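Order as written gives the chain letters A, B, C and D; numbering starts at 1 within each chain.
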C-alpha cells in the first residue's frame, strides 16, 4: 500500500525509477471490446516527452509505449493491460554528485527519512519521469471516454497570466506553440520569459487550466470520493503541484450566495457555472473546469547551499537536464489524470441504479 | 464502492441522512490499547454542532456520540469502533416544499440524475450533517496521533481576510470568538459581517487555514497517495469546498525557483517553508499548513427562481435552519479530516522499512 | 484494515461484540431503486437467531434489524445502508469466569497475543454473534440478485451423512425440521444425535452444502478473485469452518481428466457438472454447488483443563448458552455469504464489456 | 477491479497472457531495506518452470525474472518492484485449432461469455502460465518472512496417497524426486502412474499439502480476513484447485468437541493441533498446515466431443504441450501464495497495537 495505484475499477498501478532500465504500469479493469488507437497513445506520449522543444529539458527519450498484454487483435480483452516504457537515455553518472547530498525542496531528504535508502539517480521514484506511465494509461482512458473531451492548457507562467475568459479562448491554438497557451500573444510572452529564466539558471512556476466538456450527469461518488475531490487528489499527486481549485475556486470564497448560485434553465442546464460542473460531488452535465498551481522546478543551474546526509554544509549546482518550467509538459499529464478519474467514475456509475 | 469510506489502515465508513433516525460510522483499523478520552471527543462534537452561537444555524442537536463497540474498559481493543449520533431535532416537514424542486447549486438535481430517487429531507445524504461522523472519528484519530497538533482557524469571511502572518497569530484566541479567528479585531469584523449577511437572507463564503505541528518526517505514500494529495482529497470532500492549496500554494506558481527553494539547516530543518512541510509527498518534519476555500451556502432565505423535477419554472424560498457562513463550524471538520489522513499515514509508515 | 469489510462494489462492513449494546453494519454500494422487503429480511434473521428450536443455544435474542439509512419510502437510494441489531439478552456475568482464562480452541489466546487486551464477554468480537450482521446484509443482497436462488442445507452432522444425490433432494423439506436437512429420515437421526451429544455436555461438527441456481454466465473476476476463490474466502470466514470444496472437490483430485471433463451440449450447458458451475473462475450458467466443513463447537459443558493468562494450569467448565452443533444455524449464514459474493460480482460484471 | 491484485499492504498485481511477449507484475508495499537474493528467486522459478522433468509439459521456458525497479544496490527501496518474465517459447500456431472451439472444462466458454472476445492462444490469461509471476513475487515474500518456513509437497496423485503422518515425513526428500513427494517409495509409484496416464493421453488430479513452521502468534485479521480464509482464497485462486481444508479439515466435521479441542500446555502451545495453527482467524504459534485439491488437467491428448462458438458439435484433440498432472509443478505455487498471504498479514500486524 505504498500508494502506487490509482482508481477503483479503472485502476492504474505504476512502477519504475528515472534511471532504471524501464518504467511501466498495469491498467486493471479496462472493459473488453475497446478498440485501441495506438497512434493516438503515442501522440499523447510525444506531448509529454522531453526534448520536444527549446523550452523543455533536453534529455532525449523516444518514450515509446510497448503494450505487453490485455490487447488482442486491436481490442481490449478485459484482462490487465501491462505496458513498458524504456529509459533509453538515462545518464546516471550525471547524478553521482547528489548521492550523499540533499537537494533543497526535492524528495531526497524525505525518501531517506522514510525508507532509509534511495535510488538517488535522477530522483529515482520521485522523478516526474513516472508521469509518462500516467500519460500512457490516460490515453487508454480517453479512448474509453469517447465523447467526453478533456483539454488542458497553460494559464500562467510566473506572473504572466492569460487574461481572456474561457469563452474567448481558441483551443485550436494550444498545440501550435511550445508553451501550450491558447492565446498566441501571451504564448510568445511566456516563451520569451521561460528562455530568460533558463538563461539565468533559474526556474519558474505556473498554472494549468483544464476544461472537460460533454460530461454526462451522474459521475462522482459522494461522500469521500466526490468527483472534484478525486480530481483534486489526482492533480495534487502530480509532481510540483501546490494547489487545486475548481469552478469558482478561491474566488468563490469571497462571493455571496445570491451571486454564486447557478440558477437553472428549464432543461436542467444552468445559466452560470460557478459550480464548475459538479454539485454535491456529482457531475451535473455542465462543463467541468479547474486550475492547478505548479511551483518552480527545484533543480537550479545555480549554486545553492545545502547539506549532505551527515548534516554537513555543502555547496551544489544542478547538473543533468531539467525543465526551466514544468507547465508546458504538464498539460498532457493533467489531462491524463483527469481521464483516469473520469474513466473510473464512468465505470462505477454503471452500478448506481438497478 | 459508493465512496463512503476513507483511509486504508485507519478507515472510516459513514452512513446516514440528515433526517433519518441517526447517522453513524465504523472506524476499522484503530490499533488496540489506545486510551479513549470520551470527554475530548464530545468537546470536538460541540465545536461543530449547530446552535452553538448566534451566527450559525439554530437547529438544536446535542450531537452526543454513542460508541457501540471496539472500546472496552476505556481502551480500544483493535476491533471496529461503531458509533451512532442521533438526529434529535429533525423537522422533516420543513422540507416538503423541496420534494419536487431542485434547489440551485445544491445536490438535488445531481442525486436525482445519478440515483433516480433521493431522500429530499434536508438534503438527505448530501447534507453536511454527515460531517458530524467525521468529527467523531477525527477525535479518535487525534488521540492516536498524540503529540501531533492540528489547528484550524478562520482566515477569511468573504472579503475580510486575516492579514497577519502565521507567526504573528495567537492560537489561544481561536476558540474565544464564535468565528474562530485568531485575530480578535478581525473576528469581530467578521462576526458583524456574517450577521449583516444573514439579515439580508444571504450567505457568504470564506477560507479556513490549518497548521499541523510536531509531525515526524516520513508520513505520506508517494506516488498517488502523496501526503498533500490525500489532504487535498480529504478537504475537497467536505461540503462546499472549492479549493485547496498547501505551502506556497497558488502564490508559489508565480515565484522563481531561486526564491522558492527551502534551504536546509544542518539539522535537516529548513530556513523557509514554502514546501509546507511536505516534499515529494512525504512530511519533512516542518509544519504542514494549507488553506481551504469554502463557497457561500447555497440555501438562501430569499426568493430564487428554479425548476422542479419536470423542468417547470418555480419560485422558491429557503426554509429550515441554515448557516449564513459555514466557515466557523467547518474548523473542527477540517481538523478532523486532517487527523484521519495523518492517522492513516502514521499507521502505513510503520511498514515502510524492515 | 482489520478485515471487517467484505466486497468491492457491494461492500459490507460490520462492527460489534457479543455483549456490547448492539452490533451492526454498513452496506455501501447497493444500487438505488431496489425495493426492500423488510419482512423477508426478518425471516432470514429468524432462521439464524438463537433460541429458535430445542437443538440450538437458548440465548433469547429477537434479532430485529433496524435500518437507519439508505432506504427511503421502501426503496434503496444508493446511499449507504446502516443497520443495527441490539444485544437484548446479553448476560455478561456468565463470562466473568473466563476473564483471565484461555478456553481451548477458542480465540481468547490469539486475541490477547495480537491485541494485548480483549473484550472477554462471550468471546467479544470473535463470537459468531457477528454473523447476524452478515445475514441481514445477505438478505439485502438476495433481493438484489432476484432470480438467482441460493439454497443451503445440512449435509452431515458428525458421522451421519446425507446419502442422496443432489437431484434426489426435496428442498421444500429443509425448513420443516430443526436440523435443516432435506431428507426427513436423516433429519430425525441427526436431531436425535445432537440431543444426545448435548446431554453429554459435548458438541459435534458437520457439513453444509449449498446450491445456487439460475446463475447467469460471466460472474467472477479472474485471476485472484475467481468466483470460487471468493466463495471459499467467504465460507472460511464463518466461525468454525475448516474446509471448503466446490464441484467435484477433493473427490475430483482422484479422477482422470477423461472422466472429469464436462462435455458441452449444443446450447453451451454441460452434460455433467464436475466444474460446479465455475470454469476459469467465472460462472458458466450451470448450478454452482459447494460444501463447507464445520468443526465441533469449542465450548463444552464438561470440565476441561486449560491455562490462564499467566500460564497457570486451571480447570474450567463451559457456562453460558451454547450450540451443541452449529450447522443448523449456519445454513442462513452460508447463504448470506454466498449472496454477498454474488451481489458483488453481479455489480462488477456490469463493467466487463464496453 | 478485474481481480488481478492480491494483498493489502504487500500487494501483487500481475498481467500477461500465455502467448504474449511477456508476463509480469508489480509488488507494491515491500518494505525498504530488504536484501534480495536473486539466485534464490531464480531457484524458485526453476521449481515451477516447464520442461524440468519427464513428467511435466515439455514447453521450454527459461523463466528468467528481470527486475526493473524497486531494488537498488541489492536492497529494496520501498518503491514498487516491477518485474518481467519473457514468453520465450510460445508457439501460437499450436492453438489455431481452438480459435473458435470451446475446450471442455476450460475457461474458453466463460471468457467469451464474460468479455465477448478472448486471446485464445494457449488459454490466454486463463493459462497457468500466469502463476510464474506469483512464484517470483512469492520468492520476495519468502525473503521478507525470514524464519517462517513454508514447505509444500505432493500428498496424493489420483488414488495414490501418502500414508505417513506429518511427523514421519522427511522434507529433505521432497526435491529429490520429480513428483515432489517426501516419501520416496510413494514418489516412485506416483511417477510411474503419471507416466502411464500420460501415455494414455489422459490426465489425473492430486492433493498438495503445505506446512508452515515458525509462525509468530498474531497473524491474521478477523473477521472477513481470517488467516485461513485468505489462505483459502489464495489457494483456490490457483488454476485447477477444487478444495481447501486446514487443520482437521473435513475430518474435523465428524469429530466431537471433546476430541477436537486443543488443550494448552503451560507455555501457550497446544498438545494437539487440530486447529492447524489458527484460532479465531489468527495464528497461535503452532504449525499451520493445510491441503489443496487439484482436479485433473482439462486438456487431453485424446479425442473429445465439444462445440464451437456457434454451438456446432465438433471433435477436437488436445495439441500443444501439457502437464499430465499439475501437482508437481503446483508445489512452488502453493508455497508462493502462502508466502504472499503471510507477508501481507506480517505487515498488517505491525499496526495492531499502539
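Just so it is clear, contacts are C-beta pairs under 8 Å (C-beta built on N, C-alpha and C of every residue); 3 or more make two chains touch, one makes a residue touch a chain.
A quick note: this is a predicted structure, and the numbers were derived from the prediction, not measured.
Listed by label, the chains that touch chain B and also chain D are A, C. Each chain's centre was taken as the mean of its CA atoms, and the one lying most distant from chain C is A. The interface with the greater number of C-beta contacts, when C-D is set against A-C, is C-D. Separating the centre of chain A from that of chain D, both taken as means of CA atoms, is a distance of 39 Å. The distance from the centre of chain C to the centre of chain D, each centre being the mean of the chain's C-alpha atoms, comes to 26 Å.
A separation of 46 Å divides the Cα centre of chain A from that of chain C. Multi-chain contact residues of chain A (touching two or more other chains): 1-5, 8-9, 14, 29, 32-33, 78, 114-116, 125, 348, 351-353. For chain B in complex with chain D, the residues that touch the partner chain are 8-9, 29, 31-34, 78, 144, 347-348, 350-354.
Of all the residues in chain D, the ones that touch chain A in their complex are 1-5, 8-9, 11, 13-17, 20-26, 28-29, 32-33, 66, 68-70, 72-73, 75, 77-82, 84, 114-119, 124-125. Within the complex formed with chain B, the chain A residues making contact are 1-6, 8-9, 14, 102, 104-107, 109-111, 113-116, 125-126, 130, 156, 158-159, 197, 202-207, 217-218, 220-226, 228-230, 232-237, 242-250, 252-268, 270, 274-276, 278-285, 293-300, 302, 304-307, 311-313, 348-349, 351-353.
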